[in-house]
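This is the structure, below, for whatever I ask next.
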Amino acid sequence: MTEKPVLEVKGLTLDFATRRGTLRALDGVSFTIGRGEVLGVVGESGAGKSLTGTAIIGLVERPGRITGGEIRLNGQRIDNLPPKEMRAIRGRKIGMIFQDPLTSLNPVFRIGDQLTETLQAHLPLSKAEARQRAIELLIEVGIPAPEKRIDGYPHEFSGGMRQRVVIALALAAGPDLIVADEPTTALDVSVQAQIITLLKRLCRTRGTSVMLITHDMGVIAETADRVAVMYAGRIAEIGPVADVIRHPRHPYARGLMGAIPALDTRVKRLTQISGSMPRLDSIPKGCAFQPRCTMAIPRCSLERPELVQAGASRAACWLANAETEVPA
Amino acid sequence: MKTTIRGLLAVLATTTMLAGIAEARTLKWARSGDALTLDPHGQNEGPTTALNNHIYEALTERDHAGKLGPALATSWQVLPSDSKVWEFKLRPGVKFHDGSPLTADDVVFSYQRAMQPTSDFKGYLTSVAEVVKVDDLTVHIKTKGPDPLLVNNTTSIMIMSKAWAEKNNATKAQDFKNKEENFSVRNAMGTGPYTLVSREPDVKTVLKRNDNYWGKGSVPLEVSEIVYTPIKADATRVAALLSGEVDFVQDVPVQDIQRLKGDQKLRVTSGPENRTIFFGMDMGAKDLKSDNVEGKNPFADKRVRQAMNMAINRTAIQRVVMRGESVPTGIIMPPFVNGWTKELDEAPPTDVNAAKKLLADAGYPNGFSVTLHCPNDRYVNDEAICQAAVGMWGAIGIKVNLVSQSKSIHFTLIQKNPAETEFYMVGWGVPTYDSHYIFSFMYHTRAGSLGSWNATGYSNKDVDAKIVSLTSETDIAKRNATIADVWKTLKDEVVYLPIHHQALSYAMKSNLDIPVDVANTPKLKSVVFKGS
Amino acid sequence: MTDTVPNPGEPSRFRRIWESDVMWSFRHSPVAIVSAFVSLVMILGAILAPLYAPQDPFNPATLNLMDGLTAPGKANEFTGKTFLLGSDSQGRDMFSAVLYGTQVSLLVGAASVLFSLVIGVFLGLMAGYVGGKTEAVIMRVADIQLSFPAILIALLIFGVARGVIPPAQQEDATLLLLILAIGLSNWAQYARTVRGSTLVEKNKEYVQAARVIGRSPLLIMLKHILPNVMGPVTVIATINLALAVIEEATLSFLGVGMPPTQPSLGTLIRVGQQFLFSGEWWILLFPALTLVILALAINLLGDWLRDALNPRLR
Amino acid sequence: MFAYSIRSIAQGLLVLVAVAFIAFSMFRFVGDPVANMLGQEATLQDRQELSERLGLNDPWPVQFAQFIGNAATGEFGVSYRQARKVSDLIKERLPATVELAVLSALVATFFGVLLGVYVAINRTGFLSNAIMSISLIGVSLPTFLIGIGLIYIFAVELRWLPSFGRGETVKIGWWSTGLLTESGRKSLIMPVLTLAFFQLTLIMRLVRSEMLEVMRADFIRFARARGLGERVIELRHALRNTLVPVVTIAGLQLGSVIAFAIVTETVFQWPGLGALFVNAVQFADVPVMAAYLMFVAAVFVITNLIVDLLYFLLDPRLRTGGRTAKGH
């Protein structure tokens, strides 16, 4: 990674001001994504995966607010840009794909209109040119008979086709980074693989980086170059996919890897972690995972572990470099 | 010489008159309800007559004070040779709006039309046997028996053009009851001071001055155009006057009179109407349904009726509810009516203690309860009067439940046989100016066409006989004696509880001065614009 | 992933939080506090009126006509009595009249809202649960009902009743009639809301399961669905209370409401309107102000409640 | 769609028959036309004769059948009170009510949508709060009080506008319009505002809440993520989706506008159907009342059909998928 990373997130902290006080939803999240790289982000619901993606694209809604750290895109700081400039970045530099293709498209507009408006918002194209580009994009994402389907309404498309349209929309202006927030979760299992393959192929050919948010370790294993494991608004472990999967350093990551559906699923299921993630208003001092951790040491409840290099990965655990055997 | 001066003066008079006439002056006239039809014999109803009187005229007319005078007839008399024949001499030179002259044929035709079964005016002519033309300007009305008072009824019978009616297939009086419509319902052509320009029922009717009117020169006729608009809501009507959109408002709510009087740009005229407001109660029933007394009818006891009569504080009603716009009375007969006397008009003084004592004597020391029915859209502050009276009866222990509703429901209750109300309010006007009209409708035992508004159950054979005798009595003095006699009995019996004679107020722009018409049918041909 | 759905065995805790959420929002909304305070004062003031009102305006025997038309705070020229808010043309103390009038208006409003709520919720449950023809009929009727303005429906109901009930009993029946007429003209909204929720709940597993076990499905619907719709139903009911009060006033204005011997606010306004130009402004103003303030306070409360129960709309 | 329309029309006819029955039966029992039509001198015999002639002595199914038959041909008999054909009366009064109602509906819809969008977009602004507060006062003010207040201020005190009626009207065929004269237009102002006010607040609040609801939709977030301008999102994407329910309600409210015209027309002495109805009620003029009720029902059925058609225009999901298409 000699090249300058496309995305650089440093100490990102995000708070929700509620009437019961401030809730810290993201706490010092740092990572980078290189050009053409696919970073998988995993974690259970509420861990802050989607929030991180939303923060990157600058769509954090009230009462959420970025209170610390910075986000750099191609070296330019974007977390404090005025709305107008940020808007120019959204779609143009960063594309986003949401979970549910059924609801991501405006039901009352033809998909062609939605494509051309996105194209024209970012590129100096005439109506006809935009339409031509739109058709090309539809071809690229594998929509059959695009000249005809371009005038169709979203409801006339199947779920998988719609997600292809969504991908086309996200890629329309040729962004450097795509934030894909659980892009296949709402789809039929049969089409999930197709969509992931498509996404991967398109990004590879264009050199687009991807931040792939999912809770599906299988998808990560197949698609991502690196993976970040999030827990309670913090990154627990980050590193190359192969390394994290094979040698998870963080006990939470270890538990998570146990949940990868594999041939020996039944055995691995046993390693699932008991208990549940703490609510944001009751994150314990020290390591957030400590109450559920089977290997917690006294220090864990007192001091918060920072990410430390452990092998090819980095993990936030006091025992990251202690060569402890994974309990079977 | 003398003649020339007179001639000159006449010319001068005519020219000034013409100059006055030539000026176009519109008068916008508003009241609460519209005329129901333009057919002069279709509906015998106040607002209808008031409008139609500007287009059609009768042989005679009453001025705003109720004084009878000539109109299309210049003179009339009972033939000395035959007391059953009235002779009317028609005014020469009268022309209908279409230019055709008025002749005796038109009068005969109109009377025959008004006497048709479908006419609503046949009631005025029940004593008439035949109407005949003597010559072009003389008509004889032959009555079945001697009818010394017939001329009083001729003010209501308007004269149409026979030729016009025949041409337009309107020779039959409109059968209003039977939903019939004929040409004359929305078109009109008479001899009157105004001609019809346009009419939208319930919205607007426009009349234009008849420049060939026979009365030109003797009446001011300054209004060149009348725009007649019914405005139902009191507040809207008053607002229309205050904002200057109308010039003349009838049916002025009493509470607004002060405000209107205080407005420099407006004038208010007031005067009595030929109508009395009173309560009736069922004294004939064995037992009342709406009361809390079992087995007897408290109203049947004269002392109860007297007590209730004494409980009413008429002065308070006059002062607060009517704001002075009424004349308290002890008889259900307006002062205009033949038979009215000051003594009869006197009401018993308000005396709560005496009333309570009378009630106790009658066996109701703790009073009783009963339901009163009241209209809420017919008379001036009708509902408020009822409410006030309810409070006054409450003070002597009689608990009265008040049911007030629209006149359309209220009058049904009274008119049904047997009546569906045991205690009710009515206001009665007397178009014939004679007591007989009141007797036959309000006091005669309910039977056939007589006593149709007598829901009190009051029945007195002696009185009935005297009432009937009035119709054929030719000796006026004797007749009046009978009337006085009957009234004495009736007042003593306390058949009704009279409240007051209703007063009327008209409001108008200050350059007008239209006096209140006792029949509430103002005649705009007499209007004079001031200060111009 | 681990299941993070909250333990369903703790409804009371959930409820407590829900309530405290509403309470929190309440404490932090000055508008809500003021409108609740005003509503409360008016409601209590009206209910307790007999304890402190200077006069019983419904008893005509206590009125003295000569007291009539006294300006607020001024002495009557004949009787010398003074009235805080003046007196009307019947010598009725306006303060007492407004208090009792509010009582009648609120009684009509609250009772008709309760009435329409019961009908609406019941029909909504029926429609949602039974489905098929029953649902089609109920919802079609609700559609029609909703597109016909309440005021017209109330007039019609009133008209029918007037024809059926003998005139002598009409006065006693007016109050019930008003409740019936206004109630019957407002049920459709509840029915729609409840039906929607019922449809959602009906297909949930626990209902299906209960069906299989053979437990009375209706009982389940009542037990599980009612709590779920209480929020929206409360909002509708609150706003409808204001609407019902106004509807009553409009009916009275058109002359089919409470009689002037037992005046509601609407009747007082109808009567007072006659004095618009005559200088006796207090006869119209005080009832009108009371009505508007009452309706406004309840509306604001309902508005706040809707937002509080549906926080995403804030 | 064709089958659907047929079904709508059939349902509409059913509604009409049902309303006809209500109209017929209720007015059969209310009031007594006979007493109204006869003067104070009527005898009992007169009354019976008239009942017979009016057919009031026939059994009610016979009367109802007659009623339906006549209603189908637009024939409602002759007004008891005015002794004129009801169809003529309706024809005469219709233009006044239609002009009032349509103008009010337009004013209410236009300003309702405008203000609704404004307050939805600027949720916290001072003006928004002011508008919302005024709208609540508007909802809390009975229509008749607004009318009386307007008359008092603008007609009586300021003398700017006429207090009643339509002013000068111009006849175009059988239609009479107040739009072509100055006094006619001036006369329209207060009644239109009075009538529109309640609907306006209703539509405004509806637009606001629908818009806020829509603004939370995924496709709005996605539109933002595509870098579309906020105004484009609000006015194109959100508003278009808001319009579907708004059109429904606004359309269905037309019936309500017409009925509220009863009050407005009474206050302003507007010579329309509402005033005719109130007059008719006063005189128990059965044919007129029945005709009015049928008129309102017909308006309801027709607006329902129009709203259905508008649905098809506004919501593409219905054009192909029928009503059961999966919504958002």
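When the chains are written out, they are named A, B, C and D in that same order, and each has its own residue count from 1.
Everything below uses one rule, namely that contacts are C-beta pairs under 8 Å (C-beta built on N, C-alpha and C of every residue); 3 or more make two chains touch, one makes a residue touch a chain.
Keep in mind that this is a model prediction, so the values were computed, not measured.
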Both-way neighbours, i.e. chains that touch subunit C and touch subunit B: D
Far-end chain from subunit D, centres as C-alpha averages: A
Interface with the most contact pairs, given as the two chains involved: B-D
Intercentroid distance (Cα basis), subunit D paired with subunit B, Å: 40
Subunit A-subunit B separation of Cα centroids, rounded to whole Å: 91
CA centroid of subunit A to CA centroid of subunit D, Å: 53
Euclidean distance of C-alpha centroids - subunit C vs subunit D, Å: 24
Multi-chain contact residues (two or more partners), subunit C: 162, 273, 276-277
Shared interface positions of subunit D, touching two or more other chains: 31, 148, 152, 156, 266, 278, 281
Interface hub residues of subunit B, defined as touching at least two other chains: 235, 239, 242, 377, 406, 409
Footprint of subunit D on subunit C - complex, ascending: 140, 143-144, 146-149, 151-152, 155-156, 159-160, 162-164, 242, 246, 249-250, 253-254, 266, 269, 273, 276-277, 288, 291-292, 295-296, 299-300, 303, 312-314
Subunit D residues within the subunit A interface of the complex: 217-219, 221-230, 232, 237, 240-241, 244, 314-317, 319-321, 325-328
Residue ranges of subunit D touching subunit B (in the complex, touch as defined): 31-32, 34-47, 50, 53-54, 77-85, 89, 92, 148, 151-152, 155-156, 159, 162-165, 266-269, 271, 275-276, 278-279, 281-284
Subunit C contact footprint on subunit D (complex, rising order): 11, 15, 18, 22, 25-31, 123, 136-137, 139-145, 148, 152, 156, 209, 212-213, 216, 252-253, 255-256, 259-260, 262-263, 266, 278, 281, 293, 296, 300, 303-304
Contact set on subunit C toward subunit B in their complex: 59-66, 68-69, 78, 89-91, 162, 167-168, 170-172, 255, 259-261, 273-280
